[in-house]
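For reference, chains read A, B and C in written order, and residue numbers begin at 1 within each chain.
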C-alpha cells in the first residue's frame, strides 16, 4: 500500500489490481457454488433440506447481530427473542383466524413498532451495558411468550396450520417454501452488502472505532445507531416469519436465553463485521445442534468449548480469519520489497481486542 | 391486607436471593470489569451440588457450605485458566463466559437431568410461625431472608471496614494505584472472582428451597441479576441492595397479581432507569 | 502543498459582530478539582489565538467544553453570536466548529481515505444514505483524496490509520477537522510528540490554512506559535492569567515565571517519549 517511488507504485498497483480482480471472481465463484449446493439440498428436501432451510433462516437473524455488532460495535444478545417476536407476530393473528398475508403484515408492523420503541433504550447504552440490556429485553419477551397464555398459548406455543400462496406459488409445498427462504436470504445478503458499503455503513464503522470523533465530525451518532438497531431487529423479525412458516409452530423456547446466545454465537464464531460470517456461523452451529447431536449427546459442551476457543484464539471469527488471511496474502505479494518487515496486521479484529488494559472509564454507561 | 403482607414478605425473600446473586455479579464487574454471563450457571450448579450433598450427608447447612466452597473453587480455576487470557478485553470476556454457560449447563444436565429439583429445609425451618397480626408465614423463607441480610451485612463490613475491602474498592477506582502500592492485583482479582462465584453458589443453594432447580433456572436468575444491576448501577454494592429490593418486590407483586404480565413488572423499572438514569440509580456517572 | 490547501477551505463569513467565539465565566469542576475556573475571553472572526499553560492547566478541558463534549459547571459559551452552552457536539460542528485532539482520535480499523470520506459526509444529508456505495459519491471521494493529498498523505490513502507514523496521524487528525470546512478550528497540541522535521510539516500545514479561518490553538512550542497566532492566552490552574500578543507574552515576567520557566522541562519530557503526551501513540 505504501510506495515510495512512483514507478514501483504503478507496478504494485498492477499486481494488486490483478489480485483484487481475481478475488472478486473468486468470491463470485464461491457464492455461486454455495447457491448451487444449497439449492440441491433444498430441492431434495427431507432432513437435510429442512436443516439447510433453518441454517438460512438463522443466518438472516445472525446477520442482524453481525451488522450492529461488527459494524456498529454493539453486540446484541436478544436476537432470538426478536425472531420469536416476528414468529408470534404471525402466529397470534393466525390463531385468531387472520389469513397468512395479513398476519405477515401485522408481524412486520409489530416488530417494527417494538424495534422503534426498544431502540430508544438501546441507543442510550454502549458496550457491556448494551449487551446486558438486550439480554434483559430478550428475556422479557421470552417471559411474556411463556406467561401471557391467553395470547401466546403459553408453553405449548401456537401452531400455524397454513402458509401463504403467492400467485402460482404455494408455500405450503415445503420445497417452494425452502426456495422462498433462499430468495429472502439472498436479498438479506444483498441488503447487508449495500448498507455496509454506503456512507451510512462507513459512518457506522467510524462510530465503532471512535464515537466521540464522529460526533465532532458532525454526526448525530445516536441516530445512526438507532437506525442500525431497527435494521438489525427487522432482520430477526423477517427470519421469525420464515421460521414460523417452515416449522409450523412457535414455542417460547425459541426465545429463551439459550437461543439468544446461540444466534449471537453464530455471528461471533463466523466473524462480526464480515458479510459471510453470520452464515458461516449459522452453518457451523446448526451442524453442532442437528448433526453432531445425532452421534454425541454432549454436543452442547463441545459447542461451548469451540466457542470459547474461537473467542480466545480467533476473535475475528472463522470467516474473519479467511478474509484476514486473504488480505495478508495479497498485501504481502503486493508489497514485497516495499514495506519493512514490521508490517502491521490489519486491525479488523473488532472491539473485543481493542483495549489492552482494563479501563474503568471505557465501558461505563455513557451519558 | 394480610395477603399483601405475605406477598411483600415473599417479595423480600426473592429480593434476598437476588441480592446474593447480583452482589456477586456486580462485585466482579466493579473490580474486574468482567461481565460474567456464566453467573447464573454457577448459581444453578451451586444449587445442584447442594442438593447432592444434602442427599449424601443429610445436612442442609453442610450442603450450602459445600456448594459455596465448590463454586469458589470453580471461580478460582476459571479465573486462572480462562479469564486471565483475556484480561481487559471486556467483550471477549463476556463472550467467553457465554460459551461457558453452554458447557456448564450441558454438564449439569448430564449429571442431574432435566427434571426440576428442589431443596428441602431441615426440621423447624419447614414449619410456619404465626406473626403478629395473625399472618402465618413459613420459617424457611424468613430464614433465607435473614441469611441474605446477614451475608449482606458481612459483605458491607468486608468492603467498607477492612483493609481487604479498601483494596478491592481502590481496585474499582484506581487499578494503577493499587499496583503501585505493591498489592498483588492478580491475587485480588482471583479472590474477588472466587467470592462472586461463592455468593452465586450459596444463592443457588438457598434459592433452591424457594425456586426450583432446572435447566433454564440459570437464565431466569441471571436476568433478575442483570436487571438488578442495571437498575441499581453496574458495579455498585449499594445499587445491588436497592435494585434487589425493587426488582424482587415488583416481580413478586407482578406474579401474584397479574401473572400473565408479570414480566412487564420487570420491564417497567428497566425502562424508567434507562431513560432517566442510564448509569443506574446508584451508578456513578461517566465523565 | 500550501496552495491546494486554500482551495479545500472556503472563506468563512464573519459573524455579525465579528466575534466568532466568546465565553463568559466558563468553569468546570471534577469532583472538587477546578479544572477550569471563571474563564472569560472572546476570539474575533479570522483571528488566531494561541493557548498556553503548564500541564494540567485546563486547556483540553476548556476545548472539551467548547466542542460540547463536556458540560460546563458554570458560565456560557457563544458561537457566532449564538448561545451554544447546552448544544450537542454535532450541532456545534454544523455551526462551523471543528476540532482536533491532543490524544489523537483518528478512526482506527479504517483507511485514511475512509477516514476522510467519513469526514466529508459529516455535514451533508448523504451521511444517512444506506443504499448508494460511498465510493460512488465521486465528488466526496475526490474531495477526500484532494484533502489527503494536499497534506502529504497522497501515498497513504489506502493505508489503515493504525499503520501511519505518529506524524502522519497528526496530519490526518487535522485533515479530518478541515474536511468539514470549519469556520473556527480548535487545535489541541497539533505538534505534540513530533520530531523537528515533522514539526516543520505541521507548521507548513498551519501556514497553509486560509486567512479567514478563525483558529484557537493549544501549543507548548513557542516556535510553532510564533508566526502562527496573533494573540496568546495563558491558562494556569484553570484560570486565565493573562492575554496578549506573542511578544508581550514572551516579555511577561509572570508568564515567564509560571510557564516558560517550566517549558524546557516540559519539552524535554515530551521529546523523550512521544507516548507521554499522547496516550494512543501508534506503534513504532
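Just so we're on the same page, a contact is a pair of C-beta atoms (placed from the backbone, for glycine too) under 8 Å apart; a residue touches a chain by one contact, two chains touch by 3 or more.
Predicted, not measured: the structure shown is a model, and the values here were computed from it.
Taken as a contact graph, with one node per protein chain and an edge wherever two chains touch, the assembly forms an open path, each chain linked only to its neighbours along a line.
Among the remaining chains, the Cα-based centre furthest from that of chain B is the centre of C. Computed from the mean C-alpha positions, the centre of chain A lies at a distance of 39 Å from the centre of chain C. Chain A and chain B have CA centres that are 32 Å apart.
If you average the Cα atoms of chain B and of chain C, the two centres end up 48 Å apart.
Multi-chain contact residues of chain A, defined as those touching 2 or more other chains: 354.
Residue positions of chain B touching 2 or more other chains, listed in rising order: 287.
Residue ranges on chain C touching chain A, taken from their complex, read 67-69, 88-90, 93-94, 98-99, 101, 105-110, 114-115, 117-119, 121-123, 126-135, 137, 140, 155-156, 158-160, 162-163, 176-177, 179-180, 283-284. Residues of chain A touching chain C in their complex: 1-4, 9, 194-195, 197-203, 205-206, 208-210, 212-221, 223-224, 227, 342-344, 346-348, 354. Residues 29, 32-33, 35, 37, 82, 85-92, 94-96, 98-107, 110, 172-173, 175, 216, 218-220, 222-223, 226-227, 229-230, 234, 259-264, 266-267, 270-271, 274-275, 278-280, 283-284, 286-287 of chain B are the ones that touch chain A when the two sit in their complex. On chain A, the positions that touch chain B within their shared complex are 75, 77, 120-121, 124-125, 127-129, 131-133, 135-136, 139-140, 143-144, 147-151, 256-258, 261, 264-265, 268, 297-298, 300-301, 303-305, 307-308, 311-312, 315, 350-367.
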